[in-house]
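Two complexes, one shared chain (chain A), two partners (chain B, chain C).
And now, the complex of A and B:
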């Protein structure tokens, strides 16, 4: 674990998360979690909020070699607070040997992270809780059939935004909301960029305090595409500039990948049924241009 | 040790301190706040070891409390009223985790309308959750109740969270003489928390609170929780016996006062039961055979003990300091269910709602409730449930309404006065 990950060949070769989970085939969240777990290791306790990944541990099975605690949709970070504080108390009292200590990891979807769990997350950062937060962001309430959440991108159709303009709101900038709390670390990752992901998780693993990770999670069932395309769609999200890979540390935001010669965003959009209405029966030039402009504007600010 | 004058809140804090709690997740709410302020001051001064953290809501506070207990430390927390309801999802959830810890609830009426003083709708909203409930009538019982609660919660045959209830204002802010038990004696009575195998440690991975699919495993775990709660009746009896031996105070599942030869018995819980006790004394002086039965333990419901204490009693006046809207009093419903079909059970259970939001129940009202119940016994006709309210109170409310109407009509530009007929309805 102490070796630093620099190249693809440095990525862990042992895979810790068990197979045969009830996640959908092609789940981008599970793809990211596999990689994250390999870096974090089994001396972890995952504190989970209601969402797709609640189904990872269904009695009597679990894919984790370490521990697990399911809480509720709105308060997984508070569960992490209780576990972390209790572990610290036990360590301090000598009732838990140091080698029995655990990394406390919150695992929630975007529905919890961007919405119901936000005050609990804010509170955990206020209190400088020593924990890692993993948000698998599939841009909607996926476990209930992909209704829109505040992580849903502008224009996407969901089960509750099926009109011709899709979701009228704009994806909340959770990275900035979290960074405004000045936690130890905030990063965006995606499973289709394993080296970037592993470097960030390794960095987070070796820090203390609140370490906040948002993993964009391509979702075949929610985004409506063939499960085999998850990696391609993930790569396109990065290449087109829709999903900026970046990190926040000590008040500074650094982009870990600045995409050169970005292909048009529509190359990403047209692969997904949730954006089909932008292309058929006719191209919605206005909305496509708006989405492209917002991405261009973002990167103009960065460079 | 000489008694000390303590508020119910400080008594609750002493209970936690004497129980040597490791962890206090907290959130302020009137009338509970003095408990966490007291504990916070002790933790800061070093008088009390342990860690305290203020969460950003009661929902998070309960989550942290359950999670810490599930990790293996002794946890104390406190809330009240709206806070308990805000946390309600986690009240059910952590009980299902079988996380043993103690939560003090300082009873306060629920919105709407929003208010501050005591009634039991808050704590009774949690009655089906899996939390066990101990109800206190005075400040001494608060200290004792917290210590009993830890023994009950942590008993391997029970392993459930326990709520200790005291009434807002009437106990929370009222100083009474309290005998603080000797810490060394408490340490004998209450050993350190042993979480067994249910905890988190790297060398012993554990999945807690996992999902189940389907009604069969769900029912299994729910039944397990229920059976554990039922175990708590006899476990509580043993613990209360040991408590009496060690500390000399009777803390049984019910308090039976002057019930042995009683014809009519008041049945109620909490601090207002001390008013009933006083009324019993006055009525006894007047030659009436009246008694009081007060459950300390409400969950699990000690049905057999209650039924035994009421054997031979003709009529029970059930006084509910709560209101199940559209149904009536919760204690009355539960007592009826517990007694129905039992041989020797009282023939008459009258129902009275009183004390909502801290409304006083006067001695005259107690005398009246006894008289109504006796009359029901004599005639064999049980009157409909009665909502206690006096003509004077109603007159005062009418005055307030008059003021409100005058203020509205005279100050609002859209006021009803002076408008054409029908206009005032459009406000």
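And now, the complex of A and C:
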């Protein structure tokens, strides 16, 4: 794909990612991945840390059209380094024609990206590794039954934070942590905003160096809502200001969407069972206000 | 949940019990199953030494009949002519006996026809446990309801009451077959059938490593079987927008062919995302079982009047 994506009409209407995957029905992560794959194209090799998406390629089936490599949760970027080095050596020795070169793409969940894989990712950015990192962020350890991760939002119920106040910690600001390494590119995306996503992935595709993408991934199973609501919930995450769409380049952070007239965050929260305890048996005004204040504060700093 | 209720009911009836769920991947669409073993004579200190899956079950309860078509689910693994199979289904016992080519007893626990979407089936676990308790013939209704109180208490009174009601109704529905399940003879370890191993000679890594060269061959997996609701595009209403449905479908199951979006029913998982996001509301939904009944009718009518369904 080489034409530039400017309008909705430019988005692909046939898709590269194979059907028949074991992801849950209505998986927001899969929605983002299939949109991303359409833009990146077939000349990609995926390096995938343990998580829901490692089940995409369960022998003998794969939805990808190229190679895929499984790594331990903490070491996908290290795996990517090995693959990149091997490709570079083959290119150098003339054993791989330049047109057959592959884009190395790390694919991990938030458990890896925000937690276990941080050090390997930091090292890869230090070495200016030429790769794309895609974190599909479903805000917990989805594959093992949604235990909390450092991407879990404050107050959410997870398998390991089930009291009346939910998860006591705060979602780590991975965008800032990654940007502080000054890689080529960092962006947040979401499958429910496909045009914004496609433009960013296209930009990343045409750059070199570390290109880091975080895709918020509404997860019917882990967030406890009906699969049909995946897109609605994703759109609400953006509208209410919970998930800012932004990019980092050359030391500058730009918001690609500044939501005006943000509806209350409640509208996003009450659609998900993981926040039900904030509303029933009675409203937890204090916690709701705290969550809203944090979002308001974020946007006050932006504009 | 069903296995815990049944296990506790057996325990309350004086059995030594072992019940265990078996998890694979914890995601929607993944088959889940659980097992219950019971031995008479808890008071004599009878213990159960076996562990893991049951190789030769006396009773198999299938809560979702769509699982029967999925080989990986292994629903009927290890059954023999003495095994009783209970299927929660809208179809008849004859239909299933024929489809599965079963010699043993097959009973139907009628699936609620008022429930359009099987994924919404309320309290199916308790319903299955209630029916199973009756078929075993060794559990009194009181032990069943006590088990539900104990196991579901933390979910609140409302949940307990509904589950009690459903379990009792299922128990009653099976009353004509009470005690139909017979206890199979214990299978000594030495008599276990060895798994159907395939002997593989040691090959060079370049041959033996799992090396898939087929692109996107996951299309061979028919995830359309997961569907309980079916999205249907009304082409008179479809505005041929910028193919919103195709972009948003998480499963890449809608492609634009020529100038219209076409749903790939072999793979659509029935999430209903497309139904909600189509701008002119051109995508409706119908229960999958109704859609299949209609398809079947069309085929039969075609056979009756001699036309090929593809021509109509």
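Criterion: the second predicted complex is superposed on the first by the 303 of 303 C-alpha atoms of A that agree within 3 Å, B and C clash if a C-alpha of one lies under 4 Å from a C-alpha of the other, contacts with A are read in each partner's own complex, and residues count from 1 in each chain.
As a convention for this text, a contact is a pair of C-beta atoms (placed from the backbone, for glycine too) under 8 Å apart; a residue touches a chain by one contact, two chains touch by 3 or more.
Nothing here was measured: the structure is a model prediction, and the numbers come from that model.
In the superposed model, A:47 makes contact with chain B only, not with chain C. By the touch criterion defined above, A:227 lies against chain C but remains apart from chain B after alignment on the C-alpha atoms of chain A. Residue contacts after overlaying the shared chain place A:55 against chain B and chain C alike. Using the contact criterion defined above for the overlaid structures, shared-chain residue A:111 touches neither chain B nor chain C, since it reaches no partner. When both complexes are overlaid on chain A, the residue A:89 reaches chain B alone and has no touch with chain C. In the superposition on chain A, contact is made by A:100 with chain B only, not with chain C. Within the superposed three-chain model, A:80 lies in touch with chain B and out of touch with chain C [touch as defined at top]. In the superposed pair of complexes, A:70 makes contact with chain B only, with no contact to chain C. By the document's definition of touching, neither partner reaches A:241: not chain B, not chain C. Overlap of the chain B and chain C interfaces on chain A comprises residues 42, 55, 57, 59-60, 62, 64-66. Those residues of chain B that touch chain A in the shared complex are 22-23, 25, 50-51, 53, 55-57, 59-61, 63-73, 75, 89-90, 93, 200-213, 217.
Within the complex, the chain A residues that touch chain C are 7-9, 11-28, 30-31, 34-35, 42, 52, 55-57, 59-66, 142-146, 191-192, 194, 220-221, 226-232. The touching residues of chain A, counted against chain B in their complex, run 42-43, 45, 47, 54-55, 57-60, 62, 64-72, 74-83, 85-90, 93, 95-96, 99-102, 119-120, 122-123, 126-127.
Taken together, the chain C residues at the contact with chain A in this complex read 25-30, 210, 212, 214-223, 226, 242-243, 246-253, 255-256, 261, 264, 266-267, 269-273, 275-277.
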